[in-house]
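Read through the structure below, which is laid out as structure tokens, and then see the notes.
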Amino acid sequence: MQLAVIGLGRMGANIGRRLMRGGHQIVGFDRNQPNVDELAGEGATGASSLEDVVANLASPKIVWVMLPAGDPTEQTIQALIGLLSDGDIIIDGGNSFYRDDIRRSKDCAAKGIHYVDVGTSGGVWGLERGFCMMIGASDDAFTTLDPVFDCLAPGYGTVTRTKGRNPNDTAPERGYLHAGPPGSGHFVKMVHNGIEYGLMQAYAEGFDVMKSRSGNKYVPEDERFDLNLTDIAEVWRRGSVISSWLLDLQASALAGDQMLEKFSGKVADSGEGHWTINAAMEQGTPVNVLAASLFARYRSRTDGTFGDKLLSAMRFGFGGHVEMPQ
Amino acid sequence: MQLAVIGLGRMGANIGRRLMRGGHQIVGFDRNQPNVDELAGEGATGASSLEDVVANLASPKIVWVMLPAGDPTEQTIQALIGLLSDGDIIIDGGNSFYRDDIRRSKDCAAKGIHYVDVGTSGGVWGLERGFCMMIGASDDAFTTLDPVFDCLAPGYGTVTRTKGRNPNDTAPERGYLHAGPPGSGHFVKMVHNGIEYGLMQAYAEGFDVMKSRSGNKYVPEDERFDLNLTDIAEVWRRGSVISSWLLDLQASALAGDQMLEKFSGKVADSGEGHWTINAAMEQGTPVNVLAASLFARYRSRTDGTFGDKLLSAMRFGFGGHVEMPQ
Amino acid sequence: MQLAVIGLGRMGANIGRRLMRGGHQIVGFDRNQPNVDELAGEGATGASSLEDVVANLASPKIVWVMLPAGDPTEQTIQALIGLLSDGDIIIDGGNSFYRDDIRRSKDCAAKGIHYVDVGTSGGVWGLERGFCMMIGASDDAFTTLDPVFDCLAPGYGTVTRTKGRNPNDTAPERGYLHAGPPGSGHFVKMVHNGIEYGLMQAYAEGFDVMKSRSGNKYVPEDERFDLNLTDIAEVWRRGSVISSWLLDLQASALAGDQMLEKFSGKVADSGEGHWTINAAMEQGTPVNVLAASLFARYRSRTDGTFGDKLLSAMRFGFGGHVEMPQ
Amino acid sequence: MQLAVIGLGRMGANIGRRLMRGGHQIVGFDRNQPNVDELAGEGATGASSLEDVVANLASPKIVWVMLPAGDPTEQTIQALIGLLSDGDIIIDGGNSFYRDDIRRSKDCAAKGIHYVDVGTSGGVWGLERGFCMMIGASDDAFTTLDPVFDCLAPGYGTVTRTKGRNPNDTAPERGYLHAGPPGSGHFVKMVHNGIEYGLMQAYAEGFDVMKSRSGNKYVPEDERFDLNLTDIAEVWRRGSVISSWLLDLQASALAGDQMLEKFSGKVADSGEGHWTINAAMEQGTPVNVLAASLFARYRSRTDGTFGDKLLSAMRFGFGGHVEMPQ
């Protein structure tokens, strides 16, 4: 098939590459010309503007937008709605908020354009491993794009098949999912990231317990184990209940730098964790672990809180406890 | 009545003082002689040793131990068990772990000695406000000591009477409670402190939300309220749902120092919060707020965690996100 | 002064009553005529429509809107903007979201109307105790309305004065606060409610620990204290660190019904807790306790979660643990 | 090598089997004779008592105890200490508390016996996948037992090798780890389980958010996605950041029963989560996620809490909110 990719950063370029390797034709555009040139050098048709993108596509025209969420994505999609027509397809492959997808899909529908949102996981590893995709789309649009998703997805790979699955629905086993109507793809991806935060924090807390044991003056001397965290992460990769890809990454990072000294410990969050908590609160669903995971990141980015000082002030007030700087 | 107070630090001395003001005779002992002299100067009988304490008391001999929990309390009580006899009473007024009380009460019972544990709240304010007491004791021992507790307790004070209370049980309305058998007094006091941690952290978080709003670059400019926290604490003291004694203390601290600059923000915990979580886990009772309150204090005492670095390492691993020190 | 109150439910009617007792003239309107008649019977001028409200007021016209947040408040305020003019004042005394206040204040400003948001705490007790008010307003509007707020507020009352306060700013000591520009009043009230949730949950968990101890098969027999929760709530009211108005309410409820059997245990939330978490997330402020308190209410309203079943399914998968219904 | 396995339940029998397959000689004992007969039928030497076990072993005698933690393990090990002598080895392969290991290792050392604690993960899958082992032992004992651990462990398997590892330490890459002195093996295994609880709860909460979205009356109609959770678990197994063995188990459970109707949702905990929180509190390490995960299980086992009723009672007290059973 022929399709355009707009936004040729790391993710967008790799999507283009993987599709070209699979025999698809790519029209590439990026406001940064060297990015266009690079992909053109690998066989893509370079475009010089959104208008040029559209001019280079046969109908039905398919455009995959792979830009930062927020203004860049919004403006590009609104411009494309003006340039495309009945039967064409716009794909938002970025990290948009699902409510924006629903709104845009209505804007598109007014012109007969299909709107498709694709949440992708796999990040920088996607070119090699394939992209795990959660897709919100009409049935028609999903069917049309099936060869594209099939090409981008990891496929069955070496992952053991799950027993008892419906043999008529193999897309999830090959790494892509038609989640539901527009918005649902990014919704599932959002929850995926919310879970990701929780998994990461569970490991982080466990490793903290082990790390802090060494030389800890509050525990008896014969309980102050001096544990090799690098080896612990490694051993858990084989046969333990908590083996995971995130654990693989930890083992890898610790093998190179047991003290993780090159990291500041100020941990960013990308928004999806926040949105997941919001969605949960709108529904009335308790999410203690997901929220605590997000808050741990906020806390990591501050050197101390006013609230902590207020605790000290109260302690001083009722008990004369002195917690002053030295 | 006549009774001894062992341990004449701030709390013990004030207990002795309040009892003397109420007409009771006090025998005082402390390993720090000036503390003994000071209380003797106010009318107490000074004692020079535990043996001397016991020699100065008429039977049934009553000894109130007011020492730091742990070894000092344990050793003193074990020594007293050796010195006292059938019908005498040992009171542990400190912050002992309830399980230690139960064990000691059995040691005492073997010699016919009554063991009484008294959890007290009110701290440095007790001399003035009276001590709120939660008491574990046999019915006999509680009845014997009733005049002592009545004298130490705050009394009805200016607190509005609660409608519908059992008119035959006014001790709780006067500020002391026979909680149950030995151990139950410190158990109730332990839970009191667990709740205290939760209340404090709730205020701390709320004030943090308000403090961090000022100049916060992540929110729209017209939402960056520059709030006067001193006045907010004050206004909530009058008629709001969240008025409390802890809020009074906050208002007082903030009135003197709106930035709370004299506090380090490294917040200690005294053990009872920890014990409360333990007790809850033994029972299978969920205590998310109490635990999060305790953990916030742990976090306040560290400058950053290894777990946070591990999060950054994972983020680098799957997304190439760079969170390195500058 | 003369002002109108729109919305004569329990809160609005009591605001009108307290103002009339303080010598102010009230024009009252409610779409439910008996509510109007009742207040008119107590001396208010009854109005039959918003237009009639406005016609009955002298300039500058002041209208206090006391309606449910959301559509009722929004529609009424938008209608009033059409009816009022330069120099008039609209007060939203309900529980609006602060962002809505900021938006509406701009709508008002375009016509020279002052918009004032007043968060009130004290609920059903306000007529008697006075209303604790957090106010977002321009300096001019606040100054104009000062006599109104002064009348509604609790005043100094019997609350001990805080030492060291600025003697020129006594409004907070009398129970009302000029928090800042429009929106800030409801923002502070929102955080107040967030804190309220946290305080309530801290007590709830502590009482749960005590309640579950009785007869608990997981703890040794001599630790299964059978505690009188009614008396414990009562004793803590006198001299303890955790005395508070919320504790007074608990003591009162427990005095009437120690088992609290008339309550379902399905606990609602009014939105402000949710908004507080949202605000905290927008800022990047950790609020573990406030969030856990909200989630506990969500959990109370469900009989069991799918997630719990998923845990059992995993346990069955890796360990053969069987957790099936009987 | 020759060694005895005491306790031939599922885990113990499989350990014996895997060792025999690897060429080791096994002496088996279980108080349930059919278990002994079954393993004897597969080539083991059946023993009739602990004395008989010891009599059947050549020196240095090695005994692997695979019994439930608590009394069965304790009594067996104490009996073995009486029967064994200098240079012999006792292995506790169960789920003992690490502090018990340290105590027992001292009892053993007094007689020259080596004590080794082995935490194993892998459960019912161990015979097939191999057992992931975390081992507390002296260097000598670990070296002696290396062939045993090597045989039981999963080996390199198909797991991708981690780059940059120390080439002299391959045991962790083959699935077993010498964590440190006695106690450290079970300590690491305890933390492993604490992490496991956190990972499980993160997935559970994420799936709850998705499950509760369907038909949720609090969200707009076009956001009430009706998601196929079976397919979502499956798609995440391929290329997503949150792929893991626990996710494999979820995909498998959901493939067989999308509603998980055969599970009650009352989730047990085995103690290690509790111990991990305890260890963290002793050290002063914050573990919000691990604790919240444990508390979610406690909450799943109760139909409602007294604390929830207390919340309702307070809400009734300050706002007249009625939350009564219908």
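The first chain written gets the first letter, and so on, giving A, B, C and D; residue counts start at 1 in each chain.
Note that a contact is a pair of C-beta atoms (placed from the backbone, for glycine too) under 8 Å apart; a residue touches a chain by one contact, two chains touch by 3 or more.
As the structure is a prediction and not an experimental result, all values here were calculated from the model.
J.: Any chains in contact with both chain B and chain C?
T.: For chain B paired with chain C, the chains in contact with each are A, D, in label order.
J.: Please identify which chain has its centre, taken as the mean of its CA atoms, farthest from the centre of chain D.
T.: Of all the other chains, the one whose centre lies farthest from chain D is C.
J.: Based only on mean CA positions, could you tell me how far chain A sits from chain C in angstrom?
T.: 38
J.: Chain A to chain B: how many Å between their CA centres?
T.: Each chain's C-alpha centroid was found; their separation is 47 Å.
J.: Could you pull out the residues of chain A that touch at least 2 other chains?
T.: Answer for chain A, listing residues that touch two or more other chains: 123, 125, 201, 203, 205, 208, 212, 241, 245-246, 252, 284-288, 292, 295-296, 299, 305, 318.
J.: With chains as vertices joined when they touch, what's the shape: line, ring, star, complete or other?
T.: Drawn as a graph, the chains make a fully connected set, so complete.
J.: Along chain A, where are the residues that touch chain D in the complex?
T.: 98-99, 102, 121-123, 125-126, 129-134, 153-160, 162-166, 169, 171-177, 179-181, 183-184, 187-188, 191-192, 194-199, 201-203, 205-206, 208-210, 212-213, 216, 218-219, 222-223, 225-228, 230-232, 234-248, 251-252, 255-256, 276, 279-280, 282-290, 292-293, 295-296
J.: Within their complex, state which residues of chain B touch chain D.
T.: 241, 274, 277-278, 281, 284-288, 291-292, 294-296, 298-299, 301, 305, 318
J.: Note which residues of chain A are touching chain B in the complex, please.
T.: That would be residues 10, 123-125, 200-201, 203-205, 207-208, 211-212, 245-246, 249-250, 252-254, 260, 262-268, 288, 292, 296-297, 299-300, 303-321, 323-326 of chain A.
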